[in-house]
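Next up, some structures in structure tokens.
Across the two complexes that follow, chain A remains constant while its partner is chain B and subsequently chain C.
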Partner chain A sequence: MAAPLTLLLVLAVTIRAALFRSSLAELIAERVEVVSPITAWKRVVEGLALLDLGVSPYSGDVFHETPLIIYLFHFVVDYAEITFMLADVITAVALYMAVKDYNKQVFRKQKFALEADRYPLDCLELIRSPKEMYYIPLKVAMFYLLNPFTILSCVAKSTCGLNNAVVALFIFSTIKGNTLLSAIFLCLATYQSIYPLTLCAPAMLYLMQRQYIPVNFRRASFWWFIAQYLFMYLGSLFVLICLSFFLLGSWDYMPSVYGFILSVPDLTPNIGLFWYFFAEMFEHFRLFFLCVFQINVFFYTIPLSVKLKEHPVFLIFMQLAVISIFKSYPTVGDIALYMAFLPVWSHLYRFLRNTFLVSCVLLACSTLFPVLWHLWIYAGSANSNFYYAITLLFNVAQILLVSDYFYAFLRREHHLTYGLYLKRKDGSEATLVLK
Partner chain B sequence: MKTHVLFNLFATFLLADGLNIEDSAGQFFSSGHTNNWAVLVCTSRFWFNYRHVANTLSVYRSVKRLGIPDSHIVLMLADDMACNHRNPKPATVFSHKNMELNVYGDDVEVDYRGYEVTVENFLRVLTGRLPPSTPRSKRLLSDDRSNILIYLTGHGGNGFLKFQDSEEISNVELADAFEQMWQKRRYNELLFIIDTCQGASMYERFYSPNLMALASSQVGEDSLSHQPDLAIGVHLMDRYTFYLLEFLEDIHPASKANMNDLFKVCPKSQCVSTPGHRTDLFLRDPGSVLITDFFGSVRKVEITTEAIDLTDPIKEVEERPANGDIHKEMHSYVDQLPVSEIIHQKPKQKDWHPPDGFILGLWTLILLVFFQTYGVKHLRHIF
Partner chain C sequence: MGLLSDPNRRRALINLLTRLNAPICGMPVEWLVKTMQARGLEVYTQRFSRTLPFPDENKERYMVKGTNVYGILRAPRAPRTEALVLSAPCTPGDNNNQAVGLLLGLAQYFRNQIYWAKDIIFLVNDHDLIGMQAWLEGYHHTNTTGMDWSPLQGRGGSIQAALSLELSSDVVTSMDLVLEGLNGQLPNLDLANLFYAFCQKIGVLCTIQGKLQRNDWDSVSGYSHAVQTMMLMVMKQASGRPWGDHGLFLRYHIEAATIKGINSFRQYKTDATTIGRLLEGMYRKLNNLLERLHQSYFFYLMPSLSHFVSIGYYMPAFGLLAVILLLRALDLWVQLATPPPTTEDGIADIDPGVLSVLTPLVISHLTGAALYMLPIRFQEMAVEHFPVSETEAVVLTAIAVYTAGLALPHNTHRLLSGEGTEQGWRVLKLVALLYLAVLLGCTALINFSLGFILALTLVPGAAFVTPHVPKVLSAFVLVILSPACTLLFSVFFFQELQEMPVSFLDGWLLYLSVISQGILDHFLYGSLVYPLIALLVYPCWLLFWNILFWK
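And now, the complex of A and B:
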């Protein structure tokens, strides 16, 4: 499988290089859907320029990246394009290898379950075969690299690509079962933007599953593992924060990076839900709604973990989607990351109910974003409501997509336990009704 | 006999001149102005604001009569009263009933007309920040030896002046615009006259040097109009500008009337409102400032046939203050282009480098994690 992957990488790099050379690069770098105040390349250059002038890059509202990004780009700012292409390549390769390993485990678990006769007889058509799972890793890499969102994000040199790379490496190390690396990469991802904190739960669940630690509150081994993981995670976070302090010698970066992400002062329109609300909100209620919106991101972790404790990788997918939809400054690069996972759940296709609606809405909204932006800002014949309507619709479509997959996944699990065709005790067909 | 006397006088004159022409050359370089500009703005439109246009045109007339050419006047009228279809006497704008004075003659040059009179355009004219395509007639091409007269009239309130019934300029904006003009060396001295309700509020916030301001009413007072003309159907002028025009009609280019006389124009008995003025930012004593320094364009000309050597720096002729009070400190322009520093090039600033401790710490950690993951046993193969 190395050859198709290499071919795919070469193709992806070619497309990106071609777009970098064209005049579209500047156009794309200005689009608010692709860059946000946290990830914009213009701001990175501005921050480095301020540093060269002897001023802290965090003074003023320009630069909101972490000090490690300063350190990285201090040396590679001339080769920025190659860095971002490399980040995309790393993400794709990490996802490829992660999904390959995951598929192996899925198949192994399935084999054990079959041998233990745990599946009802009529749901054999739901069983997956290695043949159909053979091309999934390649499809995952393809979905990530050739996704127009990813290409736009890379050409705009948005640091979202680097965030995605770190998250992908985290997923890879988690699926491989390496606790230390998983904790370290998760810590890096959290350090970059706070939201990957919610990925702690699926990581811990997966690693416990892998090490055959039962997920039971009364077991000491459960708490001991959690303590270990959290110790590694919080320890590396502490080390990173102290290291960042030593880079510039001040704590300026804390309010500029984390304060900025949490308190959302910049209300530039983007594809998220925060800007419109906070633009029209009275100051009196701002703190309240800020808390509500931020808690919304973290809120789904515990219920989802309880429901999906047997399936932590699906939980990772759901968490990534929740983060991309509800974070304070989302961009299309975040969406590209969780969409890369869709081929892994391609066996759920028969249970999905909203594919047509979701795909139409996503496609329409993606094309309407620049149109309504132009109408609002340049032509002056629309206003922010138009753009926000499309933002809302886009997010609704994403939520529908994620909940659809959730439904399909749970339904498949249900069928695997209770059989595909329900029969009453006398053998006649029964239907399941949601009351 | 007469020619003889004349010749004697002429010779004496020349001789006397020849003795001190070099000394008096210093008089031409004393800190004064060399050119005059006027920016006259009427900010109201609609027929019932006829008097504001008449105000502005009256001041325009006086200023032009006293010598400032059209090329040095920026006239901004927000509406056209002379050719307004409600004007029973088309092509005229009268300033006094009985139609004594038509201030709209054949040679009125309006630079900004109608909807072009906006706050933005006004501020751009003052600060000079106009697009490159703006014609010269619409620019205030003043320099640091220009005396500028700025006259505003319209409807105003406490701290603002209304433009075109849709926007307003605040006293803070105006003060900042004048500060910009000072920093860009766009004026030597500036006289600001405003005839609106609560006009004194507009000069409250000035903070740049060499500004003198006059207003028709204090804060809390309204400026009243003069008299209506029943034939035309509107009030023709405002009181303050009416008496100002009366005062200016008596001024001629050689007049020695000074600012103290201008402050006395339109006392409360005539104006009903109390005119105000502000001179604390002005360097010279108002008694020594001639009306024609601002309203006219009087040049100092002395004819001589001698050649004057100007290679040595001419010393300024300092006038002793009349009443012996303390000489105010001279305001000077900031040295905007530090040529001396540029000539002696400073070394380029060193680029920022991350501290060594950071690099050491970071790479140690990375190596630690690497070996922890891949096992120490590989080290054996490296060494």
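And now, the complex of A and C:
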């Protein structure tokens, strides 16, 4: 499997290198769908210039990256393109190996369940075979590397690629079972943008499952593990924050990075839901709606964790999707990360109900974004309502996609427990409804 | 009170116009500069030069060098933040000799008024659209087309509106309003309504598309006259070229229109004085604007000057056409989803499908890229080997590449994975239908007429084509409905609508010149029609051609 992966990596790097050399690179770097005020390369360059002048890079409200990023680029700014391509490659390889390991565990669990006769007899067609699962890691890497969203994000030199790499490394270390590394990478991801905090729950659930600690509130081992993980996580976070303080010598970065992400002062249009609402809103209610919108991102963690406590990897996928849709400054790079996971759930295909609609809407919206932007900003014939309509449609399609996969996953689990052809008590055929 | 209520001024204007009755050869730059300065304007010039990618046979130019002359009338008591533009293209011959005179007369009159709140820029541009493009690029500090121009020394603030004059005789019977701009962009309907209302007030006949309004809407002939006018507007908008110098302003969000004076030898004649009053009135109205015109529609079609069809009426027609494609795609999806003869993992079946879909896609797009790049690149080689001029070489190469795409052996996927399957063509058709639907949707949003005409011709073919329909008849129908033939029929139809029908040979020559103009428009002004058709619509059509001949 190494050879096809290498071929894929070479192809991906070639495409990105070709695009870097073409004239499209500047065009793409200005698109609001691809870069946001948090991830734009232009702002990184600005921050570096301010740092070189001896001024705090956070003065002037242009730069909103963390101090670690600015120091990283202080050293590699001449090799920026290689850095971003490397980040994509790291993400793809990490996801590849993570999914390979995960598939092995899924298959092993399935084997034990089969031997323990836990599956009803008529759902044998739902059982997955190694042949079908063999190409999935390669497909995951392909879905990430050859996704036009990822390519656009890399060519625009959006730091979203670096965030994705850290999240992918977190997923890899979690699936491998390494608690310390998982906590450290999660801490790095949270340090970059606050939202990966919600990935704590699935990480803990997975590691507990792997170490055979029962997920039960009354058991001491459960609380002990949580305490351990949180200690490692919060400890590394504390270390990182203090390190950032010492790097730049001030606490300037806290309001500029975290205050910026949470209080959404910049209302440049993007593919998210915040900008239009907050442009229309009265000042009096701004704090209230800000809290509502931000809580919306974190809110789904608890119910989803309760429902999916046996399936933490699927929970990771759902959380990533929820973060990409509801975060304050999403870009297409965030979407590419959770879409890379779709091949892992390809066995759910037969239970998905909205594939055609979702793919048509996502395709149409992706092409309509630049058209309506042009009509709004350059031709002046449209206005922000048109662009926001497409944003809304795009996000609704994503939500439909995620909820469809959720339904299909739960349905398959239900069938595995209760059999494929369900009969009511009187023997007639029953239908399954997701409440 | 108004222009020329003073008999002295009236006489001065008539003198000026009579003097200018002689044809102007080239641009009399020094004379214009002197005259404008004498009228108290701040005069500046701009030099520009451009080598066209191949010679333009319609206007007989290849290496264009010219000078724009413009004079700025500064508003007496206002901050210099906004401007209005009055332009007249200066072409050799007596094509537009009266307009420059009128412009200078107006400049003199405007100079003495105190109510101007915006600067007025009187622009005389050389080589019509090329000069206008150079001036606009210089004014807005952009350079999208690779032209070489000297920077502008004087500016007037943000331009709020512009009017372009084309007057070829000093006796005018009607004023024609031209609205269609680059890429089918139209000025705000308010500008057209303003002009028409003013014409009615002053008593000047106003036409659109060269046709007079009729009042009998209920009769069949009145209705068909309105339909003809609207179809002319659709054709002009779909061509994507600017039909007057105003067309290039629209891109910078400046509302602009071209006013042509037409002498159709009617009994009732208007003279330059009345036109001057008309323009003065227009400029006073534009002067009073507090914000850019944005309240009325930007997307409309006009069957006559007092009626318009807004986007809310015509978009559903397009939407219904696009729905055909979506329904077909849904039907194919359902056919594909019903499980085929069993394999335990339906997923593995799709994979060879993806690969066999990819090959025709890549080949079609490569052919499209060839259609876009080859005609310009290989014109020297073509001129060496064949006895044709460069323009003919470019056009004939384009037609040759287009026809060669039809004959390509598309079924190279057969070399890859054996026989093409029943699944294969369905997957390809699904992809092609969605691609066409999205493409037509995006085109219709930017240039509705182009999107609609393409939809009208491509959707029926796309919907019915399968490998199982009778091949010869379907091939013929598909070729008739292809973009090139649509263009050919449109040329004949356009001439019919303008009541100047052409013979077949003349029509063919006109067709060739339309293709060359389209390619030139793309390189000179950034028109999107040629790259759209070559890079996106033609490959999409080739996919359907491929499906027809699927083995």
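One rule holds for everything that comes next: the second predicted complex is superposed on the first by the 423 of 435 C-alpha atoms of A that agree within 3 Å, B and C clash if a C-alpha of one lies under 4 Å from a C-alpha of the other, contacts with A are read in each partner's own complex, and residues count from 1 in each chain.
In this section, a residue touches a chain if its C-beta (ideal position, glycine included) is under 8 Å from a C-beta of that chain, and two chains touch if they have at least 3 such contacts.
Keep in mind that this is a model prediction, so the values were computed, not measured.
Considered on the superposed chain A, chain B and chain C are sterically incompatible, since they clash.
Legend: residue contacts after superposition of the two complexes on their common chain; A:V45 is shown touching neither chain B nor chain C.
Look at A:L53: by the touch rule set out above, it reaches chain B but stays clear of chain C.
For chain A, the partner that touches more of its residues is C, with chain B and chain C as the two candidates. Of the two partner chains placed by superposition, A:C123 touches none, neither chain B nor chain C.
By the touch criterion defined above, A:N178 lies against chain B but remains apart from chain C after alignment on the C-alpha atoms of chain A.
In the superposed model, A:H74 lies in contact with chain B only, and not with chain C. By the document's definition of touching, neither partner reaches A:M281: not chain B, not chain C.
Of the two partner chains placed by the overlay, only chain C lies in contact with A:R350; chain B stays clear of it.
Judged by the touch definition given at the top, the superposed model places A:L243 against chain B, while chain C stays out of reach. Working note: chain B versus chain C after chain A overlay, options 19-27, 73-81 or 289-297, clashing stretch identified as 73-81.
The residues of chain C lying in touch with chain A in their complex are 185, 250-251, 253, 292, 294, 298-299, 326, 329-330, 333, 344-348, 434, 437-438, 441-442, 445-446. Within the complex formed with chain A, the residues of chain B that make contact are 349, 351-355, 357-358, 361-362, 365, 369, 372-373. Of all the residues in chain A, the ones that touch chain C in their complex are 125, 129, 131-132, 346-347, 349-350, 356, 360, 363-364, 367-368, 371-372, 374-375, 378-381.
Residues of chain A that touch chain B in their complex: 51-54, 70-71, 74, 178, 180-181, 184, 239, 243, 246-247, 249.
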